[in-house]
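After this come two complexes, each holding chain A, first together with chain B and then together with chain C.
For the complex of A and B:
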């Protein structure tokens, strides 16, 4: 009995020892900044000097700020675009590639390739594509005779232009869904074929239900990315023109740039709340499966 | 077995700790030498780098065993600014010596006890070497926590080769002459200017706006509310510049694009500081020797002025160690001496708040000194006068103004609400 207790203590000790480095890192790089952000969001602090508690003033100021409301709206558009355009596109491509048509391996690599290229490089390419004298306008003029547009310089088109160049890069989600689709037993399709089901029916009644778990996971990830979107917009438009493409992440960054640390923290808290809200709503609608455990499968 | 394991653990610990103990011993031996870390932006391809490196080497040789200055290269200015901000917010000085772009936003750094107040360490002889106006501009609440080092004027650049193609042979002296020249360029299919509304400050258009605003409202225009008619009129003129006399991509364009148009000879008129004159790609352009710089022709009553800014102020970490503080002051006296500044100016063509006899040999760089010498007064640009947040709003709303989404009055009202009073 005593031997068993000793054994149990040893196992517990070893587990603690192995978990300790991760826990220490997690504490210093997540738990501590998380609570620090929440605390500073209730203060007036410019990053230097003492913090002054000012209640919910930052929150009321943020909610009455038209730029922040615009950023929030844009983030919702981003989240919806990534969740309901990018993921379905990735799913369609995965469903085609899983049938292993000619050159499917090359296609798989081609679709994934943009994910290994730096966001900065891609943003620079797209800035050139969208330029008034760029290839997009040249092609449109040749096809339809349309006048050149300043795609990134017009508030009516800038947000759409930036979202488009992100949404078409489906490689990351496509790989997740493809890996999952490849594990669907072939016998299900064979049985369906014998029963007379065509390709579309097979996809609808076999592939999609079997992918449901991973679809929820990828949609959750995509929408979470959308809620905290920053890089490509910041690189391509800086949130402009006239804040037309700004996001909560950009708003937060610019507040820090202006040494408004406490207001940036408030924006950060909103970002966390909105991200959590999106994940919760998605899981309520599509099921309660744990995205993380499904990712690990 | 257990004893053997414990022995191995003890040996391993000794092996791990020995270098640390040895390091401590080494540092203790060399205690007399004070090492100063300088987080410098003047490194790598920067035109000031060769002179700065040579000066530091020279200083270290002269003070061997006493003071050693170590340059910590900071080649990316945005990353460097982030480092300064986050270090100070985390309660640490980013280095013993570092630089800031002085403006109302960065003036917040003066609240930090981590910065040395030069008012307490500066003797009269040293103070006298600096331009008095620049020193005065660097004082906040009686504290001088950064020394004015690099200054800049922000004139308008004319590619006279391109201007001559439409029959304009001299720099326009009046606004009418300027618009007439621009109309000729426009008729020839050449966008006259490189305007932009992108980045966080709409840099080149911000310079034009600053010229218009100061001319219309006087050198102290930045003290007025942004809804003042001078700003409204300046906004209307800037809008005209963007809509009628710039490239079609001006709205949303960044500084790289704006400069790129000028460098490629696509636009005839540009605006930037003296550092741009030292660029290798500019020197390689066929029109390099034809560039003329001047102020924007006066739009209002105020004439004979130039837009300027403190480009780089130098800061030092405060220290309770008197010897360390003295070492910092000693090095900064050397760095900001007339002879050192002359050497830095020689390689870069930059302008400094320390008076020297140096005059550049390259015509374009020489023009900056000449223009600076001939104007009777200077006034800050919008960013230097009102800070980062106001400038960001200016840049964002300038796009809306150019696109006709808001009027000039609305534009000014939107920028005005960002000004802290």
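For the complex of A and C:
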């Protein structure tokens, strides 16, 4: 008896020892920041001194802030374009590659490649591509004779330009969709072929419904990314010109840079809320499948 | 009837290849363009945005390595990425071992909590991370970045490694217990060696993240001694303002590790992604 208790005490000690590092890191970099952000968003804190509670003042201020509202609008555009252009494109490519055309494995590898390259490096390239004297204008001039544009410098085209370059990242969603498309039983397609259904009909009536769960997952990931987008826009335009491309993340960063910490935290709370909203709405619409548990299984 | 079908087939096939080729082009032409441009002279770059270099300008690369503090930044990036990978693998292996192979109350709840971290937008934590790192006196140190990167990667790593460890058959562990293996014996002699493949996948994602990360590095460091190459590209472009060719060469140097790593480990990466759609 005595021995057994000691044994189990020892096991518990070892278990705790093994879990502790992960838990401590998770606590300080996820749990603590989460509550810190929420609490400071209700104060008027500028980084030094005691925090003073000031109710929902930051929230009302943020919501009447024209720049933040622009950021919010841009994030919604980002989320929609990621979910409804990026994911469908990725899905079409997955549907093509699952039929294993010539070179499909190489294409799969190449499609994912931009995802491992740093945003900073690619942003540098896109700045050059969108430049007035850059390759894009040169191509467009040769093909259509259009006058050169300053894609990133013009408020009318800047948002479109920064969103368009994310097309290079479809490989990420494509690989997830391709993997589950490969698990669809071949017999379904064979039966459909015998019944005289063409390729397009097969895709529409077999592949799409079978991919439903993964489509919801990828759409959730894509739209949540759209809500938290920061890096490439920050690097390409800094949120400009005239805040045309700003996002909540950039707004948060600029507020923090101006030492308006508690207002930055309020923007952070909005970021979290919008991300959660995306997940909740998609779950409501697509009911049965459960992207949350699929992602965090 | 047959004829109509074959016309449709040709049409669909043409459309398919046009779509594939144009999307592939958009995906890799920027990189190809960067690569070729890094060998051209500034004069060539200014006259036409496209074109093959008349002579390959290796001097661009020499210039890049000499002008900016690129060697120092590269060294910093290597230290940060290597240390992050080691630290993250270590804590993840230990944590996942308990979460995958031990049974106790609250285990599933803890696992859900840790992996739900992928749903949290880390950029909303800029303020607390900055205040935490400043208060602990780690501001502007490489260790600050190592710590943050290790922590931020925990949800993805735990997800991948726990799933992998769960797939190891129980019998192997039971046999070792009968052979007299203790808790530590089971970890070091059975589970850890068998999980190597899963750990490599997690480490690959961790490396890519740490090598490419920009925002936290910008937020938490301020001098050349602790900055990474990504900040180098961003902030030293002013040094290169007239010398685009060298700047492109510098960018190529910084992406070589990612490309080489990808060539060797793309199977692991693709396998890791299909394990359930996780993004760091």
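Annotations
Following the convention adopted for this analysis, the second predicted complex is superposed on the first by the 265 of 297 C-alpha atoms of A that agree within 3 Å, B and C clash if a C-alpha of one lies under 4 Å from a C-alpha of the other, contacts with A are read in each partner's own complex, and residues count from 1 in each chain.
We take it that contacts are C-beta pairs under 8 Å (C-beta built on N, C-alpha and C of every residue); 3 or more make two chains touch, one makes a residue touch a chain.
Keep in mind that what you see is a predicted model, and the values were worked out from it rather than measured.
Once both complexes are superposed on chain A, the partners chain B and chain C clash. By the document's definition of touching, neither partner reaches A:42: not chain B, not chain C. When the two complexes are overlaid on their common chain A, residue A:237 makes contact with chain B while staying clear of chain C. Look at A:68: by the touch rule set out above, it reaches neither chain B nor chain C. Counted by residues of chain A touched, the larger count belongs to C, out of chain B and chain C.
Using the contact criterion defined above for the overlaid structures, shared-chain residue A:133 touches chain B and also reaches chain C. Look at A:261: by the touch rule set out above, it reaches both chain B and chain C. Contacts of A:175 after superposition: chain C is touched, whereas chain B is not reached. In the superposed model, A:78 makes contact with neither chain B nor chain C. Counting contacts as defined above, chain A residues 47, 131, 133, 256, 261 meet chain B in one complex and chain C in the other. Within the complex formed with chain A, the residues of chain B that make contact are 85-86, 88-89, 105-106, 108-109, 111-112, 197-200, 247-254, 387-389, 392, 395-397, 399-400, 403, 405-406.
Looking at the complex, you find that chain C touches chain A at residues 5, 8, 12, 16, 19-20, 23-24, 26-28, 30-31, 33-34, 37, 46, 48-50, 90-92, 94-95, 97-99, 102, 104, 110, 112-121, 123-132, 147-148, 150-152, 154-155, 158-159, 163, 183-184, 187, 208, 211-212, 214-215, 230, 233-234, 237, 244, 247-248, 251, 254-255, 258-259, 261-262, 266, 269-270, 273-274, 276-279.
Chain contact summary for the complex, chain A toward chain C: residues 10-11, 14-15, 18-19, 21-23, 25-26, 28-30, 32-34, 36-37, 40, 47, 89, 92-93, 96, 101, 107-114, 116-122, 124-126, 128-129, 131, 133-135, 138, 167-168, 170-172, 175-176, 179-180, 198-200, 214, 217-218, 221, 224-225, 227-228, 230-231, 234-235, 249, 252-253, 256, 261, 264-265, 267-269, 271-272, 275-276, 279, 292, 294-297. Every residue of chain A that touches chain B in the complex is listed here, in rising order: 46-49, 131-133, 148, 150, 152-155, 158, 237-243, 254, 256-261.
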